[in-house]
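There are two complexes below, and they share chain A, which is joined by chain B in the first and by chain C in the second.
After this line comes the complex of A and B, so read on.
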C-alpha cells in the first residue's frame, strides 16, 4: 500500500504529471494576462500544451562539438530537480508528500538545478551566443540566489523551524507574513522572477541581443523538457511564496485564488518593466536586495529577543 | 486494422494538431527592400496579434518551424539562406513573402541577384503583394497550416500567373 502511495506521489500527484500540467496552465495564464495588458487577445488556453507536444515530436539536432551525453542528460536533470522539489511543497493546498527537518534548503537547491543545467548546457555548445547566455545565466544565479534564500528563511526563523510543513502550519495560524515581513516578501517575489528569467531579468535569454541565450542550440526534445521544467518551477515558486508569505494554503480553493493573484502581480510587473543589463541586475541584488533582507533579519531577531 | 495501427493513427493526429497550432517563425531577409519585413513585423504587433494563432517569432533557427523569407536572393545571401534552412529541425516549412521572393520582382535580372527563393530552397507557400498586407500574410499562413492539417501535398507548384507579375 505504501509503495502504491509512493508511486502515485512520484508520477502523478504532487510530483510528475500534475506539476507539469499545472505549470503549463499557469504559463498560459501568465501569457494571457500580459497579452491583455498589451491590448491583444493573446494565446488560446491549449497553447503551451501544443508547443510542448510539437517540440517533443520534432527532430533533435545534436550539433558538432558538444558532449552528446551531457547534451541529452542536462534537460532531464533540470526537470527532475523541479519535480523533486514539488514533493516537499504543499502543492494544491494539501500536505507535502514527503517531509523532514531542513527540507526547505533541499527544495531551494533542487530549484536551482534548472538554472545550473541551463548554464552548463550553454557552456557545452561550441557557439558564441550559447556561451554568452550561459555566462549571464550563471552570473544571475549568483546574484539572486543568496537574497532569495535569505528571504525564504525569514518566515522560517519566525516559525523556529526549517521544515516546510511546520512553517506552513505556523503561517496559517498567524498574521500574513506579507504584512509582518514586507521586505522579505518583495525580495522573494522579485527573486522568483530572477529565477524564472522573466522580464526585467531576462538578459540570459535576451532574444534581441543573443538569439536565445544558452538554449540557442537546443531543438526538439531538449528544448521542450527545459520548457516543462521552467513551468514546473513557476508553480512551485508561487506555491512556496504563497505558503510562506500569504497566510498559507489551507485548501485547494485558497491555493488557486492566492497563487493566481500572485501570478497576476508577476505578469503586471513583467509587462511594466524593460530588460535590465546583467550588471544592473547583479548590482541591484547585492546593493539593495541582500542588504534589505539582512535588515529584515535583524528586525526579526530583535523582535524575537524582546 | 490492428491496435498498433490505430494507436499510431491517434499519435499522428496529435502530432499534426500540435504542429498546426504552434507554428514558430524565423524571419530572414535575403535582399529585400525592407517593405515586406515591415509588414511582417506589423503582423506580429498587438493590432493583428498573431500569437492568437500560436505564432511566435524565434531568434534561433533551431527553435523555428516556418522560415519566412522576403526579397530576391542575392549572391551574398544565398549561402546564408541555405545554411539557415539546413539548421532548422524537421519538419520545416518555407513561406515566400512578396513579389520579389516569388519571382525576383523589381530586382529581376540585376547583376548581383540569383533569382527567387525557390531556386535555392523548396518553398511551401507563396504570399504575393508588393508588399503584402498583414491580412494577406496571416491568410497565407493559415493556408499553409490548413494544408498541413489536411495532409494535402504542400509543396505546390508556383502559380504561373504570379511569374508574370513584375
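After this line comes the complex of A and C, so read on.
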C-alpha cells in the first residue's frame, strides 16, 4: 500500500504530472496577463500544452561538436530536479508528500539544478550565442542565488526550523510574514524572477542580442523538457513564497487565490520593466539585494533576542 | 582558409545577422568581444541590393515615380517627393501651392509614423515590449489617416509629376486634427517615460555617445546628428516646397547619447503636429496638378535634397533629353550613419549593440548598393554573364 502511495506521489500528485500541467497553466496565465497589459489578446488556454506536445513529437537535432550524452541528459536532470523539489513543498495547499529536517535547503538546491543544467547545456554547445548565454545564466545564478536563499531562510529563522512543513505550520498561525519581513518578501519575489529568467532579468536569453541564449541549439524534446522544467519551477517557487510569506496555504482554494495573486504581481512587474544588462543585474543583486537581506536578518535576530 | 581560421581564433566574434532576431532586415555585423565588452566591430551590407538605380534608367519619367517609392518601406513618400521635386525642377514646371502643401502634409504624417515605428523597435531592442506594443498601437492612428487620405497604408503613391493625386477635404481635415490631438497626448506621455523611467534610463543615458566633433567627422545625418548637437536639417537649411511658407523649428540636443536620440525624435513629433495643424488651417487654394507635364525632359542635371525621417535623402538626376533618365543616383541617410555605429560600438557591452544599431534608425534595403572596386591601375575586374555562369557551375561542381 505504501509503495502505491509512493508511486502516486512521485508520478501523479504532488510530483510528476500534476506539477507539469499546473506549471503549464500558470505559464499560460502569466502570458495572458502580460499580453492583456500590453494591449494584446494573448494565447488561448491550451497554448502552452499544445507547444509542449508539438515540441515533444518533433525530431531532436543533435548539433556537431556537443557531447551527445550530456546534450540528452541535461534537460532530464533539470526537470527531475524541479519535480523532486515539488515533493517537499505544500503543493495545492496540502501537506508535503515527504518531509525531513532541513528539507528547505535541499529544495532550494533542487530548484537551482535547472539553471545549472541550462548553463551546462549552453557550455556544451559550440554555438557562440549558447556560450554567451550560458556565461550569463551562470553569472546570474551566482548573483541571485545567495540573496534568494537568505530571503527564504528569514521565515525559517522566525519559525525556528528549517523544515518546510514546520515553517508552513508556523506561518499559518502567525501574521503574514510579508508584513513582518517585507524586505525578505521583495527579495524572494525578485529572486524568483531572476531564477526563472523573466524580464527584466532575461539577459541570459535576450533574443535581440543572443537569440535564445544557452538553449539556442536545442530543438524538439530537449527544449520541451527544459520548458516543462521552467513551468514546474514557476509553480514551486510561487508555492514556496506564498507558503512562507503570505500566511501559508492551508487549503487548495487559498492556494489558488494566493498563488494566482502573486503571479499577477509577477506579470505586472515583467511588463513594466526594461531588460537589465548582465552587469547591471549582478550589481543590483550584490549591491542592494544581498545587503538588504542581511539587514533583514539582523532585524530578525535582534527582535528574537529582545 | 587556414589563415582565416587562425586569425579568427584570437578573437571571440559574435555574429549578428544576416538573419538575427535583432535585425528586421538583413545585414551582417561582427562584434569581437572580450567577455561582454566589445573590442571591435565590422559591418557587411548589401544583402538586399535590388539594382533600382540601374532599373530607373530603363523606365520613363513617370514609371520611375512608382519605382523610387519602393526604395524604402517606411519613408516611401519621401523618395517619390524627392524624385518628383528633382524632375519638376529639371522640366522647369512650377507645382501649384496646394499640391506642395499636401505633399508636405503627407511627408510630416509619414515622419510621425516612422518615428513611432522606430520608437517601438528601439524599446523592443531594450527588452521593453510593453512600450513597443503601445507605440505601435498608437501608430495605427496615423496609418489609418494615411489610408483614408490616399487609399494605401504603405506606398501611398500621393505624387504625380507636377502635383498630387488627391485633395484634402474638410472631412479629412477634421479626422486628421483629432488624430493629431490624440497623438500629441500620447507623445507627451512617451517623452515622460523616456526621460524619467529609471530602468529605461539605465539602458540609454550615457550609452553610445557621439559628441559634436565625432558627429561632424563621421558625417552623421538626421535626428542622430541633431542628438549630438549638429544643426543640420534640410527643412531649415534649405527650405523646399511648402516648408518655405510653413517653416519648422529645428530640434537639437547636445548629449549625443541614446537618450538624446529618443528625445530628439519625440520632440520632433511635436513640431510635426504643429506643422500639420498649421497647414490644415491655412491650406492654399488652387489646382492639384499642372495642366501638362512634358513627356521628354530637356538635357540637364539636378540635385534634389529632402529631409526624410532618418535624415537627408539625396537624389542626383540627369537627363539627356529622352523619355528616361540617363542617371539616377540615390543616397539615403542610413548609408551615412552606419559608420557611426561601428565607431560607437567599441568599448560598450554586447547588450548595448542592438540599441546602438537601432539608434540610427537603420534601413538596410534603402542603403544597399553595388560598388565596383578599381585596382591600383584603375581598371575594375568586370565579369560577363558567361563568366559568372561558368563560375557558378564550377563552384557547385567542386562542392559535390
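Rule of thumb we're sticking to: the second predicted complex is superposed on the first by the 306 of 306 C-alpha atoms of A that agree within 3 Å, B and C clash if a C-alpha of one lies under 4 Å from a C-alpha of the other, contacts with A are read in each partner's own complex, and residues count from 1 in each chain.
Operating definition for what follows: contacts are C-beta pairs under 8 Å (C-beta built on N, C-alpha and C of every residue); 3 or more make two chains touch, one makes a residue touch a chain.
Small disclaimer: the values here were computed from a predicted structure and weren't measured.
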Notebook entry, point to check: Is A:211 in contact with chain B, with chain C, with both, or with neither (first, second, both, neither)?
Noted result: both
Note to self: By the touch definition at the top of the document, which applies to A:40: first (chain B), second (chain C), both, or neither?
What the structure shows: both
Margin query: One more residue to check, A:295. First (chain B), second (chain C), both or neither?
Written below: neither
Next item on the list: Kindly classify A:274 by the partners it touches after superposition: chain B alone (first), chain C alone (second), both, or neither?
Entry: second
Next item on the list: Scan A:257 for contacts with chain B and chain C and give back first, second, both or neither.
Entry: neither
Notebook entry, point to check: Touching A:199 in the superposition: chain B (first), chain C (second), both, neither?
Noted result: second
Note to self: So in the superposed three-chain picture, is A:105 touching just chain B, just chain C, both, or none of them (first/second/both/neither)?
What the structure shows: neither
Notebook entry, point to check: Is there a shared patch on chain A that both chain B and chain C touch, and which residues make it up?
Noted result: 38-40, 129, 207-208, 211
Notebook entry, point to check: Which residues, counting only chain A, touch chain B once they are in their complex?
Noted result: 31, 35, 38-44, 46-47, 49-51, 53-54, 57-61, 129, 207-208, 211-212, 215-220, 223
Checklist line | Residues on chain A engaged by chain C in the complex (per definition of touch) | finding: 37-40, 128-129, 132, 135, 199-200, 202-203, 206-211, 271-280
Next item on the list: Mind listing the chain B positions that touch chain A in their complex?
Entry: 14-15, 17-19, 21-22, 46, 49, 51-52, 54, 58-60, 62-63, 65, 87, 89-91
Next item on the list: Could you please specify the touching residues of chain C with respect to chain A in the complex?
Entry: 12-15, 20-22, 33, 35-36, 123-130, 133-134, 137, 197, 199-200, 202-203, 349-354
